[in-house]
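Next up: some structures, all given as structure tokens.
Below, chain A partners chain B and then partners chain C, in two separate complexes.
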Partner chain A sequence: MPRTSSGKKVTNKTVNKKDIAQLLNQWRQEFAVLVPSLATGVARLASWDGTDTSFMDWYRNTVIPPKANLLPPVEEMFSFHKDGEGYHIELPPSDGHQQLIFGIRPCDAKALAILDMTFKDIYEDPYYLSKRSNTILVGLGCTNPYDSCFCTSLGSSPTDSTDVDLMLTDIGARFLVEEITDKGKELMANISLAEEATEADEARAQAAREAAYNKVTRQLDTTDIGQKLLVNFDNQDYWEKIAAKCISCGICTFFCPTCYCFDINDELVKNRGERFRSWDSCAFPLYTKMPMENPRLEKWRRVRQKVCHKYEFYPIDFKVVACTGCGRCIRLCPVNWDITQALANLPAKVRA
Partner chain B sequence: MTATDISHRSRFLAQGNVYLPHLAVIKKIVDETGDTKTFHLNFKDDKLQGEFTFNSGQFALFSVFGIGEAPFVISSSPTRSDHLEITVRRVGRVTNALHRLGVNAEVGFRGPYGNGFPLDLLSGKNLVFIAGGIGLSPLRSLIWNVIDNRDKYENIDIIYGVRTPADLCLKYDLESWNKDKTLDMVTTVDEGDESWIGRVGVVPAILEQVAPSAKNAVAIVCGPPIMIRFTFPVLEKLGFAPEQMLTTLEKRMKCGIGKCGRCNIGNLYVCRDGPVFTYAQIKQFISSEY
Partner chain C sequence: MKDGNIEQKLQSEARALLEQGRVDYIIGFEVGSLKFTTTPLITNNIADIDRLVINPFIVNNLSVYLTEVKGRVGIVAKGCDSRSIVSLIQDKQVAREDVVILGVPCPGIIDLSKVERLAGKDRDELDDITRNGDRVVITVDGNGREFPATEVLFDNCLGCDFPTPKEYDVLLDVSSPLVSDKAASQEKLDKLKGMAPEPRWQFWASEFDRCVLCYACRNVCPACFCQRCFVEESEPQWILPVPRWQDSLMFQVVRNIHVAGRCTDCGECERACPVNIPLRSLTREMYDLVDELFHYQAGMDKEAPPLLAAYEATDAEDFIR
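After this line comes the complex of A and B, so read on.
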């Protein structure tokens, strides 16, 4: 069932939808404000231009997930140059600016919480975590989830406020505004256009949450999923079958909000060199290629890695499935590969 | 025998950033075989050179600036710590670039990473080292460490195999281990020549002939994946339990710290949870993931 943000009695606020531009402008005084945008031809978060709020009409979710704003597709790690004394290494200038992501969906906010675990694990990743600590998340609950969405199977909901700082729920002409964290509370501290939510507003919000929850019809049974995958690890028939139509394009991983694999490379430009990292994908045979060996040369092994990493290995490490049910891998797959179908066909026990 | 204590691991971060390399200078280059060289390195920063410590079996990411990084196990022993050594076979982009460098060239160094060998669990045991080809290099640090603390360990066996006599690495070490009366060493080649007087046969077959006892013993295995896969069953036949078999694995690796994703075997990352594993830890996955 839909969750409420906390057990405590707090007074929520409301903001009129037509005042959103004003609200964003006020925040823009302090933060780089990112909103869903079609400016590049593909739905993604982009710097707000100060006027356009048309995303409120078309926005269901971005194609490019918000991870791209914290783990950019290509990112300089440092530069180096050589002189008579040898090599010198220089970090890129850190802008240290605060960014506010407006309209992040609950599935994508949860994905960032999942990414945090890897990037904090043992060694802190300074590039991701510095951006993360400078990012404020203003969530916007879904009213119109896709047919490919299955967040409710992963313990979440289209209006889940767990992983955002401020949560907005569509209640008609207005948004109900819940201050989830202290950061969220500060965001609303000087917003005079906000009003106190009435009981009727709260009732409308609750109805909206339930309606959204019920619109997510796709289901994935995650009961004992890790154990089922473990016993099927060597079930090559199963993996070959579900991998058969995959074309190893990597789209499901690049657009997955929880996929984080990256490559590190050097590039030389005249006397200066740069070490950069870039998104990589377990769908590619080169990903694991060593000069003499490749443990995942065959496609079914790579598909197995992707599925097991999310549903078996990540839960062992971090007690959470590395999938939020955002459905991008289903919507965007050029050959209609479907993780929910693949896992539904997973044998409970391996044939003897 | 899982990951050792990692609380010390952040000590050698350059500017507090785990991805920034320290600078190291090549002091000496030893030709091992036609395609393998050993590099002796010192940190450029004297203070770091003095403070640096590592465990036998830990690795580091070495970079040739402008070409990229690659992981190598430090093959020198912390018991002989005036410099670091790595033994590198020329097989890919970074290793080829390393081979082109000369003495006094600077390389990048990030590390040490990984767990290293569990010395406390090895002490008081009979040790059986089984290495193939350049797989001797990751065991070398431990072998010297054990020799330098000889009274802490019982019998030591070394079984080392290569394809042909020309492929023998670290001959100067092999010679001194051969002369060492406190350990037993067997070298073997897949294919001998007229000058070869040692054994002929692949490592698993020779291991079966040597047949070291499993009693109070730990086997430490490193070599090409095919050798590792065929060696474990022989050890099992000799009575070694999966917990008595150690190996150090190699996979394609970029970050070295459990983030870039590719070096996993099951839920274990070679960089983060290894590179040293017991067979018990990886048995489930090794047949089809290594």
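After this line comes the complex of A and C, so read on.
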């Protein structure tokens, strides 16, 4: 039986899959509920319509990562106008509502924990953090990872509950429900349709966890990966070869759940305007052009930056690899550029 | 000819080109890292040549790399790709003598999203996809189901008039019989054309609402060879490079006009789009308009001036209002 960190026995719960709509509706009294949705023509986490639970049928991760719900592709930072007295700045109306993300996958929940480090660092980003602190994560373990997934190589698993508030594991007709945080516990406090998990439920959940773990077949050896990248930093031949087929589009960074770079643009109409921030990508030749120049004009430098930022620099700054093995960069790439190959083929030692 | 034979021929030609120093690089396809995928192989190493493949999944239009790879290049090209190469030659982006075109008579490329829809499973859950002439067998959980090839080929392949390269140095195979279905190829486009302007506008607004401006459509496109795209100009700033549907649609419309007369309907923009925007409905319409108004098809004659760089007194102008 699982134990809390204090060693006290906890009893998990179960919820019948047929009751998920009822459960979500109960939560919807209090939160804006987001679920995996195809309604906009691409799989993403979107506002739940109150009835549709078809996301339980497709059971695979969304194309657009949940970071888009906290760091949107485009976001108004403030508006401004000028009159006789000078400039006036107005913040967008604060959106203080509590949101509940249902069905976030372990890799993506971990990615949010990784993003938190950047947005809480020297400068605290109010746009991201206000949404983040108003967000509750209900995780849903994967039963059917893609062939591009490699979370198990990064210390996680398809059913890892570390970074969510409440964790659901598919045990057949029901979900096993684990209350991971106090917020998660509160979520389940008044849910009468939940039942106490039996020993058999726990055994089924354990079997499901192991089965899902074993379905992740893509492996990446991350031993000493930061060190390997360090010694290969000036190995231009290697990076040129690795980068050759990259087309410098923004897919791998935009759809990466941990990439956070953004650009800032003003839209001016006469004496008023808005300031927007929108996703930017180190893959673009014009990245950082606005404040200065792009120091990485050649493509191989940009590809190197992306790889090193995730596997070398982020671990130096925050003691964690900024990749969760979600595999989106591999499965969405139009030319099948594969980061696991780029890392696996790194020379162990470089000739002087 | 079987894929194996055409592969052998390709490998021996490519090896000879590198060995004899006739090219500096070979650009072809190798097996991808995911099931049923291929990936571009750009190499100057003879040892890599064994990895070159030809199969029904060679999706990319490799000519996109020609403006980037230095020196003389041997390149694998399907019908549409070879037209893109010719178009680049017309635009003086590539010199004919610097390219050795290894032409592949193309039987049509398999659209994995169509296969997934037919099978009711994702690509990585399928056991096998086998093409036999005008039939395709999809095997799921050990059970093979046969479909007409027309149900799984890309829309642009179904409407292709020139599957065999016209411009080539080596043709790797005899032309294969054309598997086409013009009606299916035009289905999405015809549906849009049948709509009234207002709902059609709403359709595109909602499609482009998904766009995140990753520019994959532009970057996979060999006709988009500008060193610097207008969206990246900051002085003046033509559009605000933020992904709102209006800006994203404007970007795509201008891109479409820029590639008019250069677009060979290779379909790469739509295939690359990570959020499923039916971009080919725009590019194919432009392709047809160019043909209708100027009797011009991109990349058919390397000596011809590029459409947008030429003027004739008889040119259609009644669309200018």
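Simple rule for what comes next: the second predicted complex is superposed on the first by the 335 of 352 C-alpha atoms of A that agree within 3 Å, B and C clash if a C-alpha of one lies under 4 Å from a C-alpha of the other, contacts with A are read in each partner's own complex, and residues count from 1 in each chain.
Basically, contacts are C-beta pairs under 8 Å (C-beta built on N, C-alpha and C of every residue); 3 or more make two chains touch, one makes a residue touch a chain.
Note that the structure is predicted; figures quoted are calculated from it, not measured.
Participant: Chain B versus chain C on the shared chain A, clash or fit?
Facilitator: Partners fit side by side after overlay.
Participant: For A:Ala203, decide between first (touching chain B), second (touching chain C), both and neither.
Facilitator: neither
Participant: Once chain A of both complexes is superposed, is A:Asp234 in touch with chain B (first), chain C (second), both, or neither?
Facilitator: In the superposed model, A:Asp234 contacts chain B only, not chain C.
Participant: Roughly how many degrees, to the nearest 10, is the angle at chain A when you join its Cα centre to the Cα centres of chain B and chain C?
Facilitator: 90
Participant: Have a look at where A:Lys289 lands relative to chain B and chain C in the superposition and call it first, second, both or neither.
Facilitator: Both chain B and chain C are touched by A:Lys289.
Participant: May I ask you to decide whether A:Trp279 touches chain B, chain C, both, or neither, giving the answer as first, second, both or neither?
Facilitator: The second partner, chain C, only.
Participant: Considering only touches as defined above, state whether A:Leu297 meets chain B (first), chain C (second), both or neither.
Facilitator: neither
Participant: Which of the two partners, first being chain B and second being chain C, lies in contact with A:Glu312: first, second, both, or neither?
Facilitator: First partner only.
Participant: Looking at A:Tyr146 after the superposition, I want to know if it touches chain B, chain C, both of them or none. Which is it: first, second, both, neither?
Facilitator: Only chain C is touched by A:Tyr146; chain B is not.
Participant: Is A:Asp263 contacted by the first partner chain B, the second partner chain C, both or neither?
Facilitator: both
Participant: Which value, in Å, gives the least CA distance between chain B and chain C in the superposed three-chain arrangement?
Facilitator: Value for chain B versus chain C, nearest C-alpha atoms: 6 Å.
Participant: Residue overlap on chain A between the chain B contact set and the chain C contact set?
Facilitator: Overlap of chain B and chain C footprints on chain A: residues 263, 265, 267, 289-290.
Participant: Considering only the defined contacts, which chain C positions touch chain A in the complex?
Facilitator: Against chain A, chain C makes touches at 32-35, 37-42, 60, 64-65, 68-69, 122, 124-125, 206-207, 209-210, 212-216, 218-220, 228, 232, 234, 240-244, 268, 271-272, 274-276.
Participant: Taking the touch rule as given, give the residues of chain B at its contact with chain A in the complex, in rising order.
Facilitator: 6, 9-10, 14-21, 23, 44, 63, 65-69, 91-92, 95, 106, 108, 224-225, 250-252, 254-255, 257-262, 264, 266-267, 272, 284-285, 287-290
Participant: So in the complex, which bits of chain A are touching chain B?
Facilitator: Residues of chain A touching chain B: 77-78, 80, 82, 86-87, 89, 91, 118-119, 121-127, 230, 233-234, 236, 260-268, 273, 275, 277, 280, 282, 287-293, 295-296, 301, 305, 308-309, 312-314, 316-317.
Participant: Contact residues on chain A for chain C in the complex?
Facilitator: Going through chain A, the ones touching chain C are 40-42, 60, 63-64, 73-74, 144, 146-148, 244-245, 247-251, 254-255, 263, 265, 267, 276, 278-279, 281, 284-286, 289-290, 299, 330-332, 334-338, 340-341.
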